[in-house]
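Sharing a structure with you now.
Order of writing sets the labels: A, B and C. Residues in every chain begin at 1.
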Amino acid sequence: MLINNEFNEDKIQSPLQYIWAIFKSKNIAVVAMWFIIVLVLASLFAPWFFPHSPLEQNADKMLLPPYWFEGGDINHILGTDDLGRDSLSRLFHGLQLTLGGALIITVCVSLLGMAIGASAALTKGIKASVLHHLLDALLTIPSLLSALILIAIFGPSYINCLIAISLSLLPQFIRGSFLAIEQELSKQYIVALQLDGATKLRLFRFGIMPNILEPTITIINRLFTLAVIEIATLGFLGFGAQLPQTELGSLIASSVDLIYLSPWLVTFPGITIFLVIMMANVFAEGLRHAVIEGEE
Amino acid sequence: MLSFLIRRLNLLFITALILTIIAFIIEKNVVVNNTIIDTSSNNYLLQYFSYLINIITGEFGYSALDNQPLLARGLMFFASTIELCLLGLVFSSLVAIPLGVLGGLFRDTKLDYVIMTIALSGLSLPVFWVGVMVLLLPGVWGDLLPVDGNLSLVYEVPSVTGFLLIDTLFVTDQYGLFAFFDRLAHLLLPALVLSFFLTTEIIRLTRHSMTMVMRSNYIKAAYAKGFSRRKIVFAHALQNALPPIIPQLRLQLSTILSFAMTIEIVFNLDGMGDWLLSSLNAGDYGVLPVGMLIITSFILFFSILIDILMVIISPIMRGSLYANQ
Amino acid sequence: MSFNPQISHDIASLDATTHQLFSRLVKLNPDTNKFIPDLAESWQQSDDKLRYRFVLRKNINFHQTDYFQPTRYLNADDVLFSFNRMIDKKHPYHTVNNQTQNYFFNHPFTAFLSEINKIDDRTVEFVLSKPDVTLLANLAAHYAVIHSQEYANQLLQRGHPEKIDFQPIGTGPFKFKSSNSKGIVRYSKHENYWQPMTNIENLIYVKNPSATKRYTKLLSGECDVIAYPAASQLETISKNKEVVLNSKSTSNVALWAFNTKQDQLKDSKVRYALSQAIDKKTILQAVYFQSAMQTNTLLSNQSWAHKARNNSDIFNPEAAKKTLVALDYDFTKVLTILLPENADVFNPNFHKTAQLIQANLADIGIQSEIVKLSGSTLQTRLSNGNYDTYLTGINVHINDPDSIFRPLLSCNSSPENGNSSRWCSYKTQVLLDQSLTESNFAQRIKNYYLIQDEIMTQRPYLPIAHVLRLDVISGRVKNVEVNSLTGINFQNTIKQDLN
């Protein structure tokens, strides 16, 4: 036993580095991560490296099929829409709003939700009870309904749609983080920390935070998934992005009547949404496994 | 038992009260802004109480469009939504429970990964998109299943329960079972699309629950006794793994309804989602608070019903009857 | 949804009511363009052209339903009731179901019909305030239907006059059975119809806003006839052997109106230049596919007053730009393109049209902004004149040039009623008014030619396309009569059972 110790160069890694090292060994999850990163960058910088503007019309090239079909054009890889606009450019343009909006919602809601959830879990008495009942009530309202309500009050626009979705997803997130923290709080090491006289902030930062990583990944992932689906759904119903803004859901809605003539106009945006959610879930699942393995 | 009931009903009461306040705020903000209602008294508290009394007495007002009582119409449409959800639940349970059990038994094997990929795909497919893509089906396999609407127009079915599947059974002397099967055909595709999402949820929950049960001590004990794996799974594990899924699924109820409403809109099916959307588009904002109250009170009552049911069927949960917490 | 063609303005409800539930005094023979008797047996005109006498047919039955049992045949009182509701402001029914003041009974004849007299039970006399040749055309139009006075009186006694428009009683081949909020309307056969009985026992209408879904329903056999299939699917539909695509040219025209009261657009040369900038051919391709014919005139080429010489394509962006530069046009100003939110029969996709126009304008250096509104917000915006251009169109129900020129060009017509260019010129107005009373047919045509020349140079409107009326009819169904002016008629229809 002792002999080996002479050459022991194992650095003591920080938990995050350790988790990262495990994560890197999961190939599919790494691929998913890169896919998401590339997608985000591509949709952010789409105007710079796509040859066509998403709004550029071309009367001679209307409703072209993707280039691998007969009659396709290599300049328009995924074909064109009914005004001769390049489908690929429009797809990335739409992705900008769908994916970008979902990411913004995820960040805002998870920060706010974690803060509220933590303070609710760490306080007792009337405040927590009020929050508890309020959450119970809000959780019974389906998110589509609350989005409809908020949009009826404030009028349809992309920003309002984001706000509505955030507000409808917030209670779910608060409840999720609350339960995770609650579960941790009952464990003995926390009691030990409390007995040491740790302040609530310290308790949360060093006691609870590192240990709720796994459930947090799960609820953030769920939050992101639902955010993407709901942005697209509201866009499809005409309550999200208003023309000339393009969003994947509204892109599908505007092509429904062309479905027999040019089915790919409906197909590609849907597949894109599918891939985004799929990859995000694979990535999150990989991360979650890495965290579990890291903890063991 | 009594104290448990009282505790649950107390919770129900407070939550319901909060919901009526929310409904009142919506009513004030949306309905009043868009219609002309004289606001003679400016005291919001008084207004709220009169609103509350109206709700308790079942006075939900009338539609601005066709002068129908909102509550009756809302309940009718909600029945259709429930019908869709139930059928979707049946479909997905048929597929998801066996898959989830298999996934739990063979955790972290190839089979498990395949099952989880199926589950993930179900979640990742946007329901409205699937609903649109279904329009392409008639071109592929002919007009096998209708992709739009409730019922063929030739059948004139008076609405008795709101559940069209049941209503069509009342008119068998006129149309035989044709109306019933026609309704079933109309529901089939929407329910199938809804079941995608439900399947994901049920697979996940079943798999998790099965894993937990298989790790528990009594299963280990059963192994130690030398029972065959099959016997352990069917005689001991399943009956303990399945009941906990129900309260978990209950938490997803509002998401399920959300998806169901989207599907109704896409498939042009009668139901809550379609009713709310078409009323909003026509400028009748009064449906919003009514729709909200119907859906939320359904979820509340359903939750408590399940709580009580769980206490009755599950010996472990029965402990909470006596616990003082 | 109301079942009274007198107050409905949308094509869908007119289609579903006017020929199925009701009859008119006269009707137009689509082949000869002559007026033929319907409920009126015969009619004669007085020498001063101010009085028309109609003799009614005998033994005409109104519908017998569970909510009304007629005790008498149709008589002069019914005719009086039907028209007085529209023209007499003091009539007890005039304000029933009337929410919008100026748009309700907005039919051309309300302006010149001064009174209607009952001569005897079977004779009525229409008195005009000034001679007008369009009276018969008006009486054959979709809104000139005859209601039952007996039913109206009963409703008034029961205190529910509003029901007259929602539970209709008429003399047509079908009678009303039920309707629901989802837009499913059921009719059944009128057993005592005065003409040869229809073969159809039940007629069901259903409203479905998605053109694609309408077509899938036709394919699956859930319905037998669909109106207005998606323009983009016409090619697919015409290849399908199991259905018949019925297309009729109409006088309905899609327009781009210039607000002539706006400083920027006051000059007719500017308007002409903007017209030159628009590539109508692409609009036709992208928006209408094959469901319309490109046009440069307001009147369709089937109208007897159509001046053929004017119909040439003027698309020429370079010339347009040159003109505008020469006129010192302010290119920095953003032009608004106002449009309604929902598609109409004359334009399946307003937004797409606007996007194409926007691109055309950008080509000549003009920035534009698309403003999409609906309902009352749109009406307000139109009436306060806060727009530069408006994408619109006009539905024509009468085969007379006046019915298209007057709403669009008369000083008395408000923007909500059609004159969205806010055009008002003395010359046009005089020509319009003269033509109405002109009995010399050649002179009338000449007047209309003059109006067309005037419009061609002044350009308050850019006519884009004359649309086709399209219906797809299942192969199972025979003898559906579609009239481009007044709608669809199922009176002689036969449905074959293939099973």
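Quick note on the criterion: a contact is a pair of C-beta atoms (placed from the backbone, for glycine too) under 8 Å apart; a residue touches a chain by one contact, two chains touch by 3 or more.
Since the structure is predicted, the reported quantities are computational estimates derived from the model, not experimental observations.
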item: Both-way neighbours, i.e. chains that touch chain C and touch chain A; value: B
item: Most remote chain, CA-based centroid, reference being chain A; value: C
item: Chain nearest the overall Cα centroid; value: B
item: Centre-to-centre distance between chain C and chain A (centres being mean Cα positions), rounded to whole Å; value: 50
item: Centroid distance [mean C-alpha coordinates] between chain B and chain A, Å; value: 24
item: Chain B-chain C separation of Cα centroids, rounded to whole Å; value: 45
item: Contacts with 2+ other chains: residues of chain C; value: 210, 212
item: Overlap residues in chain B, where contacts from two or more other chains coincide; value: 135
item: Sequence positions of chain A contacting 2 or more other chains; value: 256, 259-260
item: Touch list for chain C against partner chain B, complex; value: 178, 181-182, 184, 186, 202, 204, 206, 208, 210, 212-213, 216-217, 219-223, 375
item: Chain B residues touching chain C - in the complex, by the definition given at the top; value: 65-66, 68, 73, 135, 138, 143, 146-149, 152-154, 156, 268, 270, 283
item: Residues of chain B touching chain A in the complex; value: 11, 14-15, 18-19, 22, 26, 29-30, 33, 116, 120-121, 123-130, 132-133, 135-136, 139, 254-255, 257-258, 261-262, 265, 273, 276-277, 280, 285, 288, 291-292, 295-296, 299-300, 303
item: Chain C-touching residues of chain A, taken from the complex the two chains share; value: 57, 59, 62, 82-84, 243-244, 256-261
item: List of chain A residues in touch with chain B within their complex; value: 133-134, 136-145, 148-149, 152-153, 225-226, 229, 232-233, 236-237, 249, 252, 256, 259-260, 263, 266-267, 269-270, 273-275, 277-278, 281-282, 285
